[in-house]
Amino acid sequence: MIADEDIQATYRSAGFCGAFELGRRPAVVVVDLSRGFTDPACPLGSEATAEVERTRGVLDAARSSGVLVTFTTIAYDEAARRTTAWLRKVPSLRELAVGSPWVEIDPRLGRLSGEEVVVKTGASAFFGTSLLPLLVAAQTDCVIVMGATTSGCVRSSVVDSVQCGFPTFIVTDCCVDRAAGPHAANLFDMTAKYADPLTAEEAVSHLERLRSSRDPHR
Amino acid sequence: MIADEDIQATYRSAGFCGAFELGRRPAVVVVDLSRGFTDPACPLGSEATAEVERTRGVLDAARSSGVLVTFTTIAYDEAARRTTAWLRKVPSLRELAVGSPWVEIDPRLGRLSGEEVVVKTGASAFFGTSLLPLLVAAQTDCVIVMGATTSGCVRSSVVDSVQCGFPTFIVTDCCVDRAAGPHAANLFDMTAKYADPLTAEEAVSHLERLRSSRDPHR
Amino acid sequence: MIADEDIQATYRSAGFCGAFELGRRPAVVVVDLSRGFTDPACPLGSEATAEVERTRGVLDAARSSGVLVTFTTIAYDEAARRTTAWLRKVPSLRELAVGSPWVEIDPRLGRLSGEEVVVKTGASAFFGTSLLPLLVAAQTDCVIVMGATTSGCVRSSVVDSVQCGFPTFIVTDCCVDRAAGPHAANLFDMTAKYADPLTAEEAVSHLERLRSSRDPHR
Amino acid sequence: MIADEDIQATYRSAGFCGAFELGRRPAVVVVDLSRGFTDPACPLGSEATAEVERTRGVLDAARSSGVLVTFTTIAYDEAARRTTAWLRKVPSLRELAVGSPWVEIDPRLGRLSGEEVVVKTGASAFFGTSLLPLLVAAQTDCVIVMGATTSGCVRSSVVDSVQCGFPTFIVTDCCVDRAAGPHAANLFDMTAKYADPLTAEEAVSHLERLRSSRDPHR
């Protein structure tokens, strides 16, 4: 079940490990690409220009095919900052205060006003949020995940996505982390156990194919 | 199991139906006492002056005993307004737009800045929100619910509270509804099946007793 | 928003209150039609022969159209019996012991071995169960609910269904309760706020129409 | 925030990274130490004798102090086997059929009849299960996790535990995995971000201290 990434690529091109089918009603979930994680000036941030640009490419393909695009951001108000157990473990998350620029979605992603920003106080995009009802109401048939950090919120969002019943895909070169080791280890776990890997190019190509074959889903 | 309210009062004073014990670490959850529900000028609103005043009394007792106070409000942004299934059933909820005065907590309740406002898009205070982690982190040992509407969000919040494992209490004379029949029918169901009833006076008296016997919990 | 049942019928036939569309991939969720609720010999049970027979008719239509059929049952093992908060409020639920005949699905419903029985310890079919992933994985586009009791587990399941994002329908003459007042009051609330009503006949007719127009979904 | 294990040990002994306090009402959650994961004869299993023996030591200390002990096991019935999305990704999980010996808790752990076995179909002990209500009803003030596999169900259970609001601990030498790399990488992530590490010896010592200072909690 567990194999290194080269082996996995080999398997995949041979038709193995391609557990899930990309559907006709995907939803793109962009996890925590807020300024706090994409601007190295924030203690939580990393240099992520290449990943942000690739993500923008995927989003533009999704938009022109009428595919649902959703963002998440972590943000704590005063009360949540005092009570959230996770903050005792990762105090630097306190930087992500409601109203702070760090919680805004990275402007390079060109978020449109109709694209939901799901605010969360935990790691998973699904935990204690309204993401699931939104995906269900849109009759989503698969979920495509990307964002930051690979070893944190992306990982837990991917696990919840497949637990919720969605065929789940991870765009590996649109995932950001602050350290190479955990980034690789978590891509490995995710693609071995929870999600099928896509490159940004593959994601764009699938999303563009949908354009000709369907009407925008809303 | 099911009895009319008089019978239930009789049972309760005889020691029946008093399923739960009020604990030493209660949390007070005020459901949807936003202007949208307490101002008759809003299509969703009702005249609720007496209930709001009684609720303020309960909150003041909670505050001076250091008891956790939490509010909920329903609010939809543009994307949620377009996708939320529930809005197709109850279109008037669309009035509750993020940023609108209707989603503000009724100022007569004197909310303090450290008191969390849990924003929700569903009926239950627990569904898709961070209320549960907040209650768990505060080591809550019972939940006291009040608010609007008795037959809607209060009912579903009470059911979720007991499902989550909390001994649950409903302050019957701090519950607001737009119609007397559903109000009574739902108090009946809730007190028969899910929660023990308290009057505002009983709630205040319990909360004040905590003041002498404990330190504020945070 | 709230109207009595006659008014609602009028509105519905005039095209009002028909919030949701019956989709092509419905799931039928039968709540708690276990012997414990359908056999008057159990303290929790009611005489429910007519409702069970109508439910069987709906299920047979679903089966011949390849529509997903799912049952729920409440069952407590020794540990759950000791810890579940809800049991302190409704001690008679303790009758529903794992392995007891009361927790078996009523045999008159003819459950097939491939039809899931979701075991729950709370009121809602969705709370703490694997029902949601099952519905998502089957790409369910609407949920049709029936069962027992109208004022208990059916009500809370319907609320969770619409909160999860599913267009939700309640088969009113396939709902069972032990008392007429709460039955009517909860049908009223549900159809006013959370679900569109169907008769068994309407449900059968919709499910049969699917047969000619689609392949079984699995 | 991220450091290798030696550095973390150094930090911890210096009082850093000791985010959480072990409380007086812990719950011990043993993830998936069923025969399927602890018997190398099962395709999913590993040699885990040492970890199982250490876990037994922790459980015995918990039992003699009256601390809540809970197990999880993965088990699929016929319907779940057909519908669960995760099984398309990890087909070997199909071995874990309801009623099969693989789903039984490893007998070397000496499970008592009052100790709950939470049955799950997903990775996390909390997802779609009744674990949370059980912990809340027992007024749990911290969660101690161990089991299999480190890089799978243990990881996702730990993330959910802290997301639910519980100070969370991981007994590192009671965690089992089928491969050393993912085991280490996931212990690293978990202890950096979600839980404080304990050795079995530290866990036993804390649990034994509780015996003298408190009455069993139920």
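Going in written order, the chains are labelled A, B, C and D, and every chain counts its residues from 1.
Please note the rule applied: a residue touches a chain if its C-beta (ideal position, glycine included) is under 8 Å from a C-beta of that chain, and two chains touch if they have at least 3 such contacts.
Please read these numbers as outputs of a predicted model, since none were measured by experiment.
Colleague: Strictly by the touch rule at the top, which chains does chain A share as contacts with chain B?
Modeller: For chain A paired with chain B, the chains in contact with each are C, D, in label order.
Colleague: Enter the minimum step count from chain B to chain D; a value of 1 means the two chains touch.
Modeller: 1
Colleague: Which of the two pairs, B-C or A-C, is linked by more C-beta contacts?
Modeller: If we tally the C-beta pairs in contact for B-C and A-C, the bigger total goes to B-C.
Colleague: How far is the middle of chain B from the middle of chain C, if each middle is the mean of its Cα atoms, in Å?
Modeller: A distance of 27 Å separates the two centres.
Colleague: What whole-Å value do you get for the distance between chain A and chain C if each is reduced to the mean of its CA atoms?
Modeller: Each chain's C-alpha centroid was found; their separation is 35 Å.
Colleague: Two or more other chains touching the same residue: where does that happen in chain C?
Modeller: 83-85, 122, 128, 132-134, 136-138, 163, 165-166
Colleague: With touch defined as at the start, can you tell me which chain C residues reach chain D in the complex?
Modeller: Residues in contact with chain D: 70, 77-80, 82-85, 113-117, 119-122, 128-134, 136-138, 218.
Colleague: Of all residues in chain C, which touch chain A in the complex?
Modeller: Per the stated touch rule, the residues are 132-139, 141, 163-166.
Colleague: Note which residues of chain A are touching chain D in the complex, please.
Modeller: Residues 1-2, 19-20, 83-86, 88-90, 92, 122-124, 127-128, 151-152, 155-156, 159-160, 162-163, 165-168, 178-179, 181-182, 185-186, 188-189, 193-196 of chain A touch chain D in their complex.
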